[in-house]
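Across the two complexes that follow, chain A remains constant while its partner is chain B and subsequently chain C.
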Partner chain A sequence: MPIHEKSLIRPENLKTHDSLILDGVDVSGHWSTFIESRVVADYNEAIEDEIAALPGGEHIHRCWQCGSCTNSCTVNAINPDFNPRYWIYLIRMGMESELLRDKDIIWQCVSCNKCTYACPRDVFPEGVMKATSHWLELKGHTPKSPSMHFDEVFTEQIVKTGKIEESRTIRRFFQRTNQGLLQDWMLEMVKQLLRGLPIGLLTRMGLATFVAPRTSNWSRASAAMQEYIDEQHEKQEEALSLAQLVKAAQEDVAA
Partner chain B sequence: MTKPILIVGGGPAGLAAAHSLATVGRASVLVEKEDKLGGAPILSGYAKLVPSGEWAKDAIGGMVQRVESESLVQVETGATVTSFDGGPGDFSVELSSGSKFDAEAAILCSGFTHFDSVNKPEWGFGTYPDVVTTTQVEQMISSGQGVRCPSDGRKPQRVAILLCVGSRDRQIGREWCSKICCTVSANMAMEIREELPDCHVYIYYMDIRTFGLYETKYYWRSQEEFKVKYIKARIAEVTSDGEKLIVKGEDTLVKRPITIPFDMVVHAIGMDPNVDNPDIANTFGIDLEPHGFIGSANTYGSMSQTSRPGVFVAGAATGPETIDDSIAQGHAAAMAVLSGLREAMGQTA
Partner chain C sequence: MTTKDKYKKVAYYPGCALEGTGHAYNRSTKAIGKKLGLDLVEVKNWNCCGAMEVKNVDPKLQTYLSSRVMSVAANEMDMDVVMAPCNGCYHNLKKAEYDLKNDKESVEVVDRLSKKAGHKTYESGQVETIHALDWIKDAIGEDGLRERVKNSLSGIKVANYYGCMYTRPRHIFPEKDAGPGSESTSKPHFMDDLLAAAGAENVDFPLKTACCGGAHTLSDSDTSTKLVLNILKAAKLAGADVIATECPTCHTGLEMHQIRAEKRLGVKVEIKILYFTQLLGMALGLKPKKVGVHENISSSLSFLKERGLA
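This part shows the complex of A and B:
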């Protein structure tokens, strides 16, 4: 829903007291329903910097709130609450609680990149969406999304072997997302494969399932890639102060 | 013998007009009410100018030197025109200093007056020392002192620049856009971020009017390279909690009230008609336009004419104007004077 059509009063901001006496006057019951203040009392400059430290979020500070991204958005057409323009603003002004209200839909970006081509300032809103869902995961606000699991499985395999072996990718993806391997469509696909493909190809596919194919002399490339990835992760953890976050959480548990 | 041309006002427009006339061998008398030439950029101590980035004292100072060393320009500082009679080609002029002379024509380059923020008391100027104007920040920068909170000299951590202070506001009878303040503010925000990288700068705007090529050089650059934040809100009031300034308003994009603490609030003050304009209009027998600036006949055949033949106008006397355009208009007015005299002598081709 466009912002201007949103109700200013949200149910969770209504406070009712069963019994309340103000200056000697009994205002219990529905007379004592109050609305929590909507006033923004401060900005938090840190969140923009954190999002900007993640891949895709680098250009968030360019946004001038024209709304081209939201207007061109594939997901917004289906779910009007999916509003990249609004989220970019919340991040820039540091309105974290407001952003977290939408944490369960931000990851739904389908990366169609229509916004990338509509944005007059090269903010790369699609990248910002990616960075934001990543941020939500790293900060522990949301569990890892299925697409993040897939990206990880895919990347790990490339780094390790230099090749993609699809059945392995699928198996690991199902495993990490707690899905059973023997799904109806999967069984049907295997049946069709067995029926339609030449024996030689089937044999090779079968072998690859057990012995992962590797690019020859891959170890040096693999090590270089892993080093870069570790470096990037370290930087991101530092930018997001994750160590402090973990420490604070541990202290909370201990207390 | 030809008579000199009277030029009123020694700012960018007047300096340009005097230089142009001297270039073609015409004498002029440059009358300036203050005790030195240069106009607002010099008298108000501006820092780096838009769009050249040159320091005002170098750029405009250079124009002053050029005019002062010109024998065809007679400079009269600390003086005003008290009487002006006659017609084109034959005006008689009297100055407050008592001197009298004849002039062929007059060019009014009498400029503007900075808006006095005291006229918007809800924005805290005059009440809280850390509420300042763009002119004051210019002076902080040009003096080398740096941007500091006047109350205790500390470096601000968060600065708000409020646009349209004294512009586009019917409540105080100032309906015009002052044209330069958006660009000046974007430039100032970058200067603050450059000097104090840990200081966050927020600009509160109704529209951003960094016209023409200033769009990328100031608006975009301030966002992209200096991470200045622009918030669409016209501030309701500036108060204080005893420690910080509190800026209250509505963030129109999220439709929520805001009360944000700031260390320093800068008013991007607009350009008023010169406070002396009623006197100037009276002395020279010319019309002011409805806002109080000097009315100029905007015809395509000749520029810079006022309602009185032989009296011309250039620069911010005609309305909010940039320094560059004021200089261009000063040159144009000199040309208009010459072409007017040529017509009067029947030399038109």
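This part shows the complex of A and C:
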């Protein structure tokens, strides 16, 4: 039996009619279900190069569509719509509108690297997933994902201090994504932790919320990293022609 | 010098998590090091390795961060082995080592950033990065452990959970899958070996290297809860009393989502979660407090008392 990885027939494209007569032939009911064909007319051949220009996407051209990535994928096992093999195909074909149908789930890759482990062509699909979700955000197709917010909060803190202090990072992340910190399960967790009376740990974590742990003599490293990040952003904007995109949008608004 | 002697004194890189939520792992690692007569010298003025987040902003930035840790160990402390108990740190140092050996662009970026930051550039090959599992396995070994066990873990059924970052992707771990005696990336066994030497009964656990969703613990909690539930249920079905962990992100993830699953989905899976260093420490005769059992979120004290370890 063939592996049934993905159906290309969408439920909304299945057409049945309770009563329909075409050229004198009765085609009512399920026995003559029609499948509306998919029409793709808007190939965007630039996508592959743009994603290849983002970190992680460099090796997308190596893919020969064996499907090992999707087959091994952790997220695919809980959501069959999460399909790295299919997205790589769409990107390489330039089928933008098809790719955008899944734009809200691509960021959910958990970076477990099972795909990278399984890939016989060293495509590094995990990197391609990150590059693709990054591309969607840079192009304005999706707002920043919660995951990207978390990555940014985290990176900002490291660039600034050299170290991570967890409760500060968590607080900032919840703030930036407009979530309440006092989730029921978080409270339960704290309650259970307190049961063991880990006084040393609590003192240490408590102090850390006032005085962030930091790597000393970090300012030069910090400046160098910030300069590098800004430089990379500029390169990415150029690769994705974002300035032109903004200009076109401004002209649209003006007209 | 044999590996055994080489690992007697190593540079210790605890990393950020071990100073916060993973402090029990830090405490227990140091405690068994002391008990076994192994010398841990903390990396001076270390910085974060980049964890799982910085690479999503820029992978080479992460390579730089990890390389700085190795540079300090090699150039400022004259050490040739860095031991990182955290899977994230261990993985990132290994990845940086691989990139600096094989990717010219990474070498250039790291060199430029190191010079601007004012420290020596790390060159691949200067240090060997090992995990806490390699450390005990090679410096003490199963036979050495067997001789030193005071409270056998006999009768305790353990599911050994290794997570993602310890074995994947394969190419950054050239020493694994290298024939007899080496670690396997598909069926890792170092933790199984050590705990078996301490008397534990390892169950056949199919999800050893499954993902706990650690990268999205907070940003996509529903996915993480589902993934953790798979792991907890599989361990339970395999007959385990305890899941032994060797990564602070996995450990906290399992504890957090065990609670979240109960609160949000009404699914309660009763299973204990302990760091392998805590189990080993207690087997070597250390008290639960010495190995930080009271610093775990999920309580296992009554269970340990029942089994004669506390």
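General remarks:
Note that the second predicted complex is superposed on the first by the 188 of 255 C-alpha atoms of A that agree within 3 Å, B and C clash if a C-alpha of one lies under 4 Å from a C-alpha of the other, contacts with A are read in each partner's own complex, and residues count from 1 in each chain.
Convention: a contact is a pair of C-beta atoms (placed from the backbone, for glycine too) under 8 Å apart; a residue touches a chain by one contact, two chains touch by 3 or more.
The shown structure was predicted, so the numbers you read here are calculated from the model rather than taken from an experiment.
When the shared chain is aligned, chain B comes close enough to touch A:95, but chain C does not. Within the superposed three-chain arrangement, the count of touched residues of chain A is higher for C, of the candidates chain B and chain C.
Look at A:152: by the touch rule set out above, it reaches chain C but stays clear of chain B. By the touch criterion stated above, A:116 is placed in contact with chain C alone, chain B being left untouched.
Of the two partner chains placed by the overlay, neither chain B nor chain C lies in contact with A:247.
With both structures placed on the common chain, the touch criterion links A:235 to neither chain B nor chain C. Once the two complexes are overlaid on the shared chain, A:221 sits against chain C while remaining clear of chain B. When the shared chain is aligned, chain B comes close enough to touch A:40, but chain C does not. Put simply, chain A touches chain C in their complex at residues 55-56, 74-75, 78, 108, 110-114, 116-117, 124, 127, 130, 134, 145-152, 154-155, 158, 162-167, 170, 173-174, 177, 184-185, 188-189, 192-193, 195-198, 201, 204-205, 208, 213, 215-218, 220-221, 223-225, 227-229, 232. The touching residues of chain A, when paired with chain B in their complex, are 3-4, 6, 8, 38-43, 45, 61-62, 64-65, 86, 89-90, 92-93, 95, 98, 121.
By the touch criterion stated above, chain B contacts chain A in their complex at residues 158, 200, 202, 220, 223-224, 227, 229-232, 251, 253-261. Note for the complex: chain C touches chain A at residues 16-17, 19-21, 23-24, 45-48, 50-61, 64-65, 68, 109, 112-113, 116-118, 164, 167-170, 185, 210-211, 213-216, 218-220, 223-224, 226-227, 255-256, 259-260, 263-264, 292-299, 301.
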